[in-house]
Structure formats: C-alpha cells, structure tokens
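Please find the structures below.
What follows is a pair of complexes built around chain A, which joins chain B in one and chain C in the other.
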Partner chain A sequence: MKSFEYGDGELGKKEIMFAVPSMVIGIGILSLPRLLANATNFYDGAIALLIGGALAILFTWIAANLSSRFPKKSFFSFTPLLVPKPIVFILNVWLTIHFIFFVAYEIRAIGEIAEQYLFGRTPVEILSVTFLLVVVYSVSGSRVGILRLNLLFLPIICFIAVSIALMNITYFEFQNLLPVFTTDWSGYVEGVKLSFFSFAGFEIVLFYVALMNRPKQAAKFAAAGMGLAVGLYLIIFTTCIGVFTNDTTSTMVYPTIELAKEVEVPGGFFERFESLFFTIWIMAIFNTTAMSLDIAIFSMGSLFRNMKKVTRILIISPLSYLICMFPQNINEITSFGTLISYSGGLVTIFIPSILLAIAKLRGIGKCE
Partner chain B sequence: MSKSLVRWLPLVFLPFLLTGCWDRVEIEDRGFTIGAAIDLEENLGNEEDKNEQHVYQGTYQLVVPGGLGQGTGQGGGQETAYQNLSTVSDSLFEQIRDLAKETSRTPFFAHLEMIIVSDDVAKVPGAFSNIMDLFLRDHEMRRGVKVLISKGNAGDVLKVEPKPENLPVMFLDSIIENAVKNPQMLQEVRIGTVHEYLASNNSFVIPKIEMNGERVDSEGAAVIHGHNDTMVDFISGKTTEGLNFIKGDYKGGLVKAKIDENLVVYEIKNAKSTVEVNTDDKNKIKFHIIIQTEGTIGESFKRFDYTKPKNIEKVQNAMEDEIKKTAETTVEKLRDDLKVDALGLGGYVQRKNYALWKMICDDWDHGDNYFSKSEIAIEVNAIIRAPGSIIQIEK
Partner chain C sequence: MDKNIQNIKNIFDSPSDLTIRKFTLGKTNINCVLIYVDGLTDKNLIHNHILKSLQIEVIESGKDFSQQPDQLLEELYQKAITISEVKQADTLDEMSLAILSGDTVLLVDGINQGLILGSKGWVNRAVQEPITEGVIRGPREGFIENLRTNTVLIRRRIRDANLRFKSYKIGRRSKKDLVVAYIEGIANPALVKEVERRIDTIDLDDAPESGYIEQWIEDSFLSPFPQMTHTERPDKVATALVQGKVAIVLDGTPFVLIAPVTFGNTLQSPEDYYERWMVGSLIRVLRYFGAFISVFLPSLYVALVSYHPGMIPSKLAFSIASTREGVPVPAFIEAFLMEFTMEMLREAGVRLPKPIGQTIGIVGGLVIGEAAVSAGVVSPIMVIIVAITAVASFALPSYSFAISLRMLRFGFMLTAAVFGFYGIILGYIMINIHIVNLKSFGVPYSTPFAPSFFKDWKDLVLRSPIATLSQRPQYMQTDDKVRMDKDGESS
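Right, the complex of A and B next:
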C-alpha cells in the first residue's frame, strides 16, 4: 500500500528521516571541530562525538517514540493527557520562546558569516532581514511543504560535505590522528557535552510526528536521520584533524569553512570552492530556520488559539529580528548560541523521557 | 479601503531595494594581486628596546590583463603583464590599503599565489609569524598560497624576467613545482601548512629562492626554529636532498656514484622512508630511519652486464652508500650544527610515547635539546628495477 500521497498534507517516514538532520546541521557544524579539538587531544574528539551522537540518537528515538504513541496529535494536544495543565502551559511558553530565540540566532549567525566571507560592505542588518524575509515566505505556506523541501536540499548538502572531505584527501595526513586515547576524562566529558548539544534541534520530532500518516515508524526513521547527521559531523571532524592537525583546528574560528578554502580545484570557476560551499550551507541554515520558525508559530498558536497564522507570523518575525540584533560581537553571538543549545538540550533530554515514562506507567497512548 | 492600502504598502518600500548592491565590484576594477614580497625596511627604536618596531617594505605584484594573452603575434608585446607596487608600513594590512592609493584597480587578494619573505625579516624573532597572521586571518586569503624565503631582497625576486611565462609569480610558481624532478629543491610549502607548523611549535623548512644576477636559484631551504618561529639558517641543496630522503618527500631525481672510477647514474622514480623510534632513554632517543628507493639506471659509463644480479647488487650498494652519505650530512647539519629538528622526528616520539613527549616537548630542540643528543641511524635500501632500454652500449 502506498504510504504517502502528495498533496494530502501528511508526512511519510522519509520526510521525518530527512527533517532531523536538516534541522541539526546548521551553524554548529562550522565551529564544532574547533570546540572538540580544544577539549580533546588529537583525534580523541571522535570518540566524544560518537558517544554524544549515540546519546542524541537515543533521545531522538525517545522523543519520536513518545509522539508516535499519540497518532495525529501534536505535542500540546497530548501533553495535557499526561501532566497537569499549568505544566503544559509553562512548557508551551518555554518552547515558543526557545524557538523564537533559535530563529533569532540562526538569522544573526548567517548574517554575520555572510558579511565576513561574502559581502564586505552590506550591513549585517540587511543580510539578516533579507534571509528572514525568505524564511517567512516559506513558512507562510503549507507546513508539509517545508519538510518536503528538506528532501530536496539535504542530499545536496551531504554531497557537498562529502566532496569537501574527498577533495582534501591530498592534504590528509593519517599521522595527525595519532596518538589515540591521550585525553583525560574531563576532556571526554566536555567533548561529549559539546557534541550532544551540537546535535540539539531534534526536538522538532515532537511536533512533526503528529503530521505523519504512519507514526509507528517515526522513532526508527527519526533515529536513522540522526545517525546521518552524526556520520556527517564525524566526516567533517576527521577531515579537519587529518588535514589541519588538532592544534591548528583549535585556532580557527570556523575550521569547516577553512576546509573549504583549503581545497583548490584546478581550472577557473571552482578554484574557489568555498563559494559553492557557502551557497549550499545557506540552504542548510534555511531549512533549520524555516522549521524553527514554523514550530515557533505553531507553538504560539497553542497559546493563543484564536489568533490567525498571519498575525502570529507578523508578531514572531519582527520579534526574533529584534532579539537577533542584541549580541554585539561574535563572542556574544556564540554564547547566545550556547544558551539556546542548553535550552534545547533540556527540552530534548528531560521532557520526552519523563513524559514517555509517565505514558508507559499510566499506559496512556499506544502505538497500536 | 484600508485593506487595499495595506496591500499596496509593500510597493512603497520595494524601491528602496533598487538602490543596488553594496558589494558590487566589476571585474575590470579588480586589481588581482598574485604575489607579495616582504622585506625589512628599517628598525625603529634601539636594539635593547624590547618593544622595537619593525617596518616592512611590501612589494605586491598586480596583474595587468592587457599585457596578457597577446597570442603569437610579436607586435604590441612591449607592455608587461604585471605591475609591482611597493609600500612601507609596520602593518601589512595598512600596506595593502595603501596600495589602493597608487593603483586604479582595487587590490584583490583572493587569487594570491605566493608570499616571499626575505631572510632579514625571517631572522627577526616573531616577525615571520606576524607576517603570516594577516595572510591567514583575512577572509580573502586562501590556504593554498605558497610561501618562500628569499636570500637577499625579496622584492627583487618579483622582478625576475619571466620568460617563457608572462608573470614573474607564475614563473616562480612553475619553478617550485619542478621540485618533483629536482630533489635539491624543497616541495612547495603552503601557508596552510605553515599555520600548522606555527600552531604546533615544531621546527620546519621553507623553500629558498635567490636572485643570482638574472637567474633564479631555488635550491636549498630555510630552516625555521619552532620555539620562536625564527629563521636559523639556510641549508644547501645537498642538505635539502638528504632532508627530502629522510622525510619521505623525495619525489624523484638522480644519484651519481663512481664504480671502479666510472660514473653510474641511478634515476630514482620512487622513494619512501620509515622511521622507528626507541624512547627507552630520554637522553639518548634512538631513531632508525629506513630509506627505500626504487628506480632504474639512468646513465652508465661503466660497461656492465646488467642482466647479472651480481652487477646490479654492486650498483645498488654503491647507490646506498651515496644516499646514506647524503642523509647523514643532513643529520649532521641539523642535529649537530643547527640543533633544530626540521626533520619532524619529534612527531615520531610524540606518537610513540606521548607521556615522555609531554615531558620533553619544550626542550626538544631548544633548551636541553634532547634532539641534539639523539641517535639517528640511517639504513638505505636502493632497488634497481631495470637497466633502462639497453643492457650495455658496447660489448
């Protein structure tokens, strides 16, 4: 039987599988190699990355599993069945604010990086607002449309990430990865923490599984999607350490961009590979931002039930634009991002696990 | 009424977007800078002053597209395809901005190919890494830019007669790539690699370039000490050859040896090196370097029947002795004379015994200098795969 029919506003398993990595791959992948290289010695960051990734996969599975127990019910319609109303309200407010901040962070970061590498004189404010307008346009339409766009963009993003790794093979030195296991425990803990939070964003499954026509498969495919993101991060990190060495990686602001700048393709147009990389990477940020804005709008809708979608968009977009202009420099933007990751981490670790435990104990919701 | 007004409102704002792109630069207005040469202009402040300021002279080579692509015709070939501009400042960034005052085209560095630093600059403590800073920090710069150290004035190198190319930088660029054929030259060093060396505090080597009258001399290399990133000395072409053998960077070349007073040339097609390290005694770390080469007989003045294994072996032994001699000269120069580990042997200790390395890394080729106390044994294994097209020229 066909599990998905286009135009019916429902999601199949593939959409969920692609949504998770599309959400996760964003700003974080640019600086994660540096953070990991700082916390660990040589290639030991890969172990931290794998452990952090495994945890992320586990929690994605939990979150998706929770949602799939309540088919066609969104997060805010099934939580009242499990916990008292005031807690639901707090959660709702928290998540709305969380996603508004998430949007703010993404549009500021993309404006900042685009200004640094692509446009010298165009002000960040203009770059951010232009990007925001495109995102607003995309979320004004059907929700499912955004998720289908992931299907189109993600393969291209993966292709570029893998080709960056392959094109750097000439500069890859295996001995840069050695010696192994020299990091102390605190370094690994820090590394696992960093990697786990860099995978934040998979809380979207709480919202999007509701749109699935066969939610039973959600957990498996969402976790597989997360696996894809972990694999991609591992490729980028390995290439960074192999090409740059650990010491050098930890001195670069965005090692992943430097990786793209290291590549030299003979013959004119592609000599500057980073321009291609930026184009594709902006697609990745676009997906992330569009989904966050969509959820912020949706989440706000549960707070103000009678408000029209257009009104919510018109409230949230200027608000996140104002918030995004608060940080004054790149360090403040980074700490802003860290804050959001922590908030996202809390959302993804505790809430789904606790709710799932309650649901299991009370036997509420069954995936058939 | 009000609803239709709202609908038309965006149209009022749209014209603002038509004011154009902030960052539009026509390609005709770009001054493609392909080479930079940094010399020491003067020393401000007295020698004892710790905060002494160095002023650099930067020479930048810009492409003049009109001089390019004149085809095969001889007419109108007078115009040079490049323009060299010099500015003086203690900040390279200021130098680059000063260029704009002198040229009609805005300097554009995304296609920079080469940075030449004079030995005077490289010998000033900290100056070399200070100069690299801009080229790594600026977003326009790429990590594939080649770095060279010139013996004598660096700006003069950019004035070399580029025949048969159009641009001196492209001419030098092609020369560096010839290192594949000539082992007395060092493989190209990219600024990305320099960044790795600087970040790791390891000592390293950078290809040398020198103007010898009208000719360019690119044999040899400059040795840079890792602990303060300052140039120590140049090493000769022969020493560079040994270094290439030891580091496994030897891409191809020839070795000459005398067999019974007759010259035999061994053409090396392929060479690699393996390093074993014994860290039992930190005051006498033992390295065992095995160099393995493969190749053919390139030229033989000795009338030999190369179908006889005995003769092949004789030549192999002679070649092994030659290569060993070359490599040992390099070890003597670097370990006993300069006491700088430009061979990257520290990395082997680091990978073999990380705990020990943590203890001695600050004193590796500095201070206590464990490197100079180390024992380096070289073993060469030269293999002759074929005698070439003929066995011997006369019977």
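Right, the complex of A and C next:
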C-alpha cells in the first residue's frame, strides 16, 4: 500500500537534542581518558574537558543558530546565498570526503574492538562488513527514521554508561584525584584540544535542523544535547581517574572498557561485564556511523543532483569499506582517527562561525 | 410481471431454495408475487406482516386498491405493508442482490417497479464468550459472524450520536457487507479518509475473513509485524474508537480490525484498565519481559554457550558444561531442534480436536522433554529454556504479534550462532531500524517511544491511574483531545 503521512510530523526539538550526543558519543569516549591522562596530571584533565566541552557547546549553538536562520533549508541550499559558488563546491566535496572517511574509521574501529573484546578468531574484515551492512540498511530507510533511532538507543547508552560509573563506586579513591592544578599550560592546551576534537560531530545540526518543524528552538536544544554529552564524558573520565589513577589510565588502550571490566554484578549473575558494555556500546557507534553515512550520502547528492539515492549508497558504502581496510595496525588506525577529528574540528569551528558572521553582517536569513 | 418473474428465474437459474409465491391482492384481481430465498428470510415475518396484510387485512380494512396502477405501489407502501424496512427498486440487479441478501421482493402486475421488503433472518451463533481473548475480569460478550449483531454490540457501548458506521460492499462475487466505524469529532479526519481510500481499492472476488481485508490494506507486506489488531472483544473496539481509532467490521467473521496500531498497543490488553492501576502496570511490565524473553532467550543461550562462556559465572558454567557433555550437536542445532519441535507441537495442538489436544501436551511435555534429555540428544538446560520461552510467548495478549516474535526468535538464534553477542545486537538494531521506518496507516510503529510523546508514556509500559489519563493518545492527533476533567470528574 502506498504510504501516507499522518501523525508523522517532522523532527521535533527532542530529536535534535538527542541527535547531538548520539553523534558525539561513539568510539572517542572509549580511548579519551587515556589521551587526557597522558596530556595532564592527576585529575586536571577534567578542567580541560570542561573548557573543551564549553567550547563545543558554544560552537554547537553557533552551528544550530546558523541553520535555524534558514528554516527547511539544509546546509547546501543556504550556503550559496552566503558565499560564492566555488567555495560552496569545495565545502561540499570536503564534507563528503570527510564523512566517508569518518564512516570508514568507525567501522574499522568497531571491527577491531569487537575482535578484541568479543571474539578471538573471527576476522576484522567480516565484523566490519556486517556492521556496515546494518548501517546501510538504516540509511536506506527514511532520514527521520535514523534520528528516531537515537531516541530509542541513547537512553540505553546513557544508562549503561552511568551504571558502570555507579558500580565502580566501591573502588573509587578520592586521593587519586588530588592534587589539582599541577599541569603546565601546554598540557592544558593539549587537553582542551583533545577534548574539543573528541566532541566533534555536532556539525550534523547543519544538516538535520532543516528537517525540524520549529527550527527556532534548534540552537537551545542542540546545545543542551551537547551538554548531556559533556556531562557523560566527565562522569566517565572522573571514574577512570578515581578508580585507576592517572598513571594506569594513561597506559590502557580503552580505559572505558577496562572500567566495565572492573564491574562485578551483585549476586554474580554474570561475569565479564565489559562484553555486555561493549555490546550495548555498539548501539552508540551505530548511531554515529548511521548519521555520518546519511550525511555523506546527502552531501554527495548535492554534488550529483541527478544521481539516485540507491546509486549513491552503492558508491559510498564499498568506498568507505575499502578505505577502512587501509590502516595496518592499531597505531595507524589511531592516527587515521586523529586526522579525521582535525578535519572535523576545522569543519565545526570555522565554517559555521564564518558563515554565521556573514549571515549576520549581510542580514540574510530570519533573525530570531 | 410474468416476464419479470421469468427474468429473475433466469438470473438464478431457478434453484430449489428460491420461493415464488403468487397471490391476488385483497378483493381485487391484481396479481402480485413475492420472491425470496428460503432459509435467508424470516418466514414468520413474511406470513404475518406481508402476506396476511396484503391478502386479509386489506379486505378487512375495506380499502380500495383498485385505482391507478402507478399509484398502487405507493398506496401499498403507505397503507398496507406492516414492516418497517421497505424501499422501491427499479432494476433487476437491485432486486436480485436484495433477494440474495435475504430480503423479499414484491412485484405487482402491470407495474415496472417493485418493493424490497426487509425480511432478513437466518440462523446465527449466539453471542458467546470470546475464545481467543479470555480475560478474568471484563465483559464476556464476543463478536459473532453476523455484521448487524456486531455493530449492535459496539453501539450498545457507545451511545454517541457521532458514532459513524459507513457501509461498503466487498467482493466482486460475494458482495459482503463491511462497515467502517469511527467517532466523528474524535478520529482524525485524515485517518478516516485514508482508511476509506484503502478500502475503496479492495478488488477481491471474496473476502472470507477480515484477514483478507487486513492484508489488502496494510502498509507493508514485508514486515513481520501486524499493522492492525484484530479482536473478538467489543469492549476493546469501543476503547479503541474512543481513542480516535478506526474499526473495520466485516460480515461473516467475529474478528474486527482496529487501525492504526503501534508497538505499545500490541502488548496491551483491555484487562489492564479493568484491574487497579498497580496490578495493570505490573502485568504490563511482565508482558514486556515476556516479549523480551520470547525473542531473545534461546539466542542468548546460544551466544553464551558458543562464544562467551566466560560471561557465565563459573559454577553455572561448569554445570552447563557437564550437562552438555553428552550432547552431540552444537548449541545452535540443539536450540533450533527444540524450538522447532515446540512450534510443531503447538501447531499440532491447534489442529487436533479438543479431547485429543490434551494428549499432545502430555506427549510433548513428558515424552519429548524427558526422553530427549535421557537419550542425550539435548541438555536439560535447553529444555528449561525452551519451556520458559514458550510460556513467555503465551503471555502476550496479541496472538498475531506473538507469532511475529516467534519468527524473529529463529532469526536471532541464527545471528547468535554466527556472531554471538555481536550478532544479537546487530539484529536488535536492525529490528529497531525496521520499526522506526514501519508505519501503520501513517502512524510510525515506534510511537510513542520515537517520535516521543511523553504524555502518552503514562499509558505505555506502565498504566497510570485512570483519573490521570485525562487525554486521548497524542499520537492519534484526535480532534477532541480531552477525555475527562483533570480532577477526574467526568465532564
């Protein structure tokens, strides 16, 4: 039967509020405590995290504010109003490639971690390709559907994250956090940079605000969503340092998963909590990947206007799978990830701010 | 008139149950004829109110009907016939359909029109307790195969002038009556229009059961989930109508369709509202667990045993390992065999006559369970798991939804066998993707979880006290949103 739209509005404020943390929470948080612990002493990483988080919230607000000035228009339909065509074209290509690489990074990382924590023998290639297929299935549905999945999954993800923090409370030692303010300035700068880049991903608001029914609320709720992500990161980082101390955290590959390993379920109902934690965390990574792939496809659609969505999916998915198999070992994957987060950082800092400034100066778009 | 009789005879090829009764009207010499199908009509009614009036009472009243022939029918209609459902018919088609539906046609010599006299009356099953949806507390009435009785059962519950019954004829050959019921002023007009549009597209030669209608008008035939509920309970239909939903009643079946339906609806039972709210809520939570177990338990077992034995506490792991020692097949095959047998037993139980059905239970429970374990084909733990799964899937109120979950269970067992936990979670994600994209008459199946309507969560997993459910479901986008005063006093 032909579908008909009834009872199915566009995106509400909740969807945007959930989309931002869903995008941000993913692979990054698994290793971020290590990176932060390397850069700073004791618990000073939290300060870096707070500053980075505040910046992330600010830029989320800017990006959402920019797109809410152009209701029902996505990023590629309003940029031509602000900047010359060639720049739009470059942005478009850049974003398409950025998101393709992002997808590649996520599916490779999930394969690696799944192999490490869930399997021993199944090859990474198989694990990655099955994950990619599920993501492809989700992007072949409606775009609104992807954002609704966030609503279904994010509460579960937050629940499991908070519960590993709570279940570790018996191992938590306050003296591990002290003394404070011992890090030098370069350490803080490094920490802020690391945490800010780990929050990258909120550029999705540039694309999804267009689907909202009342875009005016976008900026407020997107920023609130970012606040949620920052809060969650802070909880995880605090627990890591409190339980493991700074030194140990800095030597673990994925401190967050190690944290789950420490958990003992009361009553001994089951052991190896980290397998369960990672299993649920796959949902978080799925959300991130699905939205990235969706935007990559959407973005490519504005480059090739006549190309069907199916064709774009069939081009982009194998491409990102090929790219994801390039790095040979875990170090290469990490540097691959760093590269992507730098690119993401540039996208999120400069483009929205500059465009918003132009829009304000030239008075284009609806003012709030 | 004789020509008309001949025509009608030709149409029906004069079957043995077609009765043609010729007579003359009162004292006059005007020839008349009554045509009806024996068995579809109420004989008493024809004798006492049609034949008697036309032959005897016409004489007694002393009225003169021997006037202008073209006014005769009108005169008869106005003065002689003592039944309420009468209408004029001009064409043979109209008359033959009326005859087939159980009405009686009256033809008068020299007039090229006829009267259709409503005389439907045939043997019906009495209104009984619904068999498939038993409740402990609640009305005992269930729908039957007669459309009129069914609409009466609904109307008796909602005495609202705005309750609408729209009639359709379904089936090229069967020409069955179908009624779309909704309450104007509550149901969203767009929804009603859409249901009507879809029903208009139906082009079947016969619709023996409302399942035909359901499959014709559902949104996606590829989905494992039912996109409409069917029920035998008039109280359930009444509740749905008041919530702004639309019911589809088909003649010849006790199952009434309700649309649209969301994931949450499939785990609700009318009894939730009849019991006190704590009981209702807890039972609902229990059902959510039941649904979870019925889908995931065997696959979790398979994943744990074959991929993640480290996750089971060591004592339990040892006991599982020791019981599985003699089992010659991998856990997946073991689980699949047992689940398959279970499904077969269930199917056999449905088909068998009731007295024999019980034996199947004994055979299944004792022989297969016990014997399979002692023969070393399956482990006792597996038997426990299959039993719990079966019980859990019986705890679900909607039979068709329980079937969907049973299908999914096999899929999940397969993914668990290939990828362990990783497979299960990917499968779970895929089901979620499917559900957010699935729609039932335009309403996303995942409502009110996502898109989220927090106000509707009061009546989702939990069922909060009646007085707090002051609004109709938001996702239905009803015209009239409030159903009672905030204070709990009915408005």
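Definition applied: the second predicted complex is superposed on the first by the 353 of 368 C-alpha atoms of A that agree within 3 Å, B and C clash if a C-alpha of one lies under 4 Å from a C-alpha of the other, contacts with A are read in each partner's own complex, and residues count from 1 in each chain.
Going forward, contacts are C-beta pairs under 8 Å (C-beta built on N, C-alpha and C of every residue); 3 or more make two chains touch, one makes a residue touch a chain.
Owing to the predicted nature of the structure, the values given are computational and were not obtained by experimental measurement.
Q: Figure out whether A:T182 sits in contact with chain B (first) or chain C (second), or with both, or with neither.
A: A:T182 contacts chain B only, not chain C.
Q: Among the partners chain B and chain C, which is in contact with a greater number of residues of chain A?
A: Ranking chain B and chain C by residues of chain A touched puts C first.
Q: Check the residue A:G141 against both partner chains and state whether it touches chain B (first), chain C (second), both, or neither.
A: Second partner only, chain C.
Q: Which holds for A:R272: it touches chain B only (first), chain C only (second), both, or neither?
A: In the superposition, A:R272 touches chain B and chain C alike.
Q: Looking at A:A63, would you say it contacts chain B, chain C, both, or neither? Reply first, second, both or neither.
A: A:A63 sits against neither chain B nor chain C.
Q: May I ask you to decide whether A:L211 touches chain B, chain C, both, or neither, giving the answer as first, second, both or neither?
A: neither
Q: Taking the superposition on A as described, I'd like to know which of chain B and chain C A:K261 touches: first, second, both or neither.
A: A:K261 sits against chain B, while chain C stays out of touch.
Q: What is the contact status of A:M226 with respect to chain B (first) and chain C (second): first, second, both, or neither?
A: neither
Q: Check the residue A:T251 against both partner chains and state whether it touches chain B (first), chain C (second), both, or neither.
A: first
Q: After superposition on the shared chain, which partner residues are touched by A:Q116: those of chain B (first), chain C (second), both, or neither?
A: In the superposed model, A:Q116 contacts chain B only, not chain C.
Q: Enumerate the residues of chain A that count as touching chain B in its complex and touching chain C in the other.
A: 118-119, 122, 271-272
Q: Please name which positions on chain A make contact with chain B in the complex.
A: Listed in rising order, the residues are 116-123, 126, 171, 175, 178-179, 182, 244-245, 247-248, 250-251, 258, 261-262, 264, 271-272.
Q: Under the definition above, what is the set of chain C residues touching chain A in their complex?
A: Interface residues on chain C, with respect to chain A: 188, 190-191, 194, 198, 217-220, 260, 307-308, 310-314, 419-426, 429-430, 432-433, 436-437, 439, 441-444, 446-447, 449-452, 475-477.
Q: Considering the complex alone, what residue numbers of chain A touch chain C?
A: Per the stated touch rule, the residues are 1, 3-9, 12, 14-15, 114, 118-119, 122, 127, 130-131, 134, 137-138, 141-142, 145, 148-153, 268-272, 275-276, 279-280, 282-283, 286.
Q: Please give the residue numbers of chain B that touch chain A in the complex, ascending.
A: Residues in contact with chain A: 21-23, 110-111, 139, 142-144, 192, 195-196, 199-200, 347, 350-352, 354.
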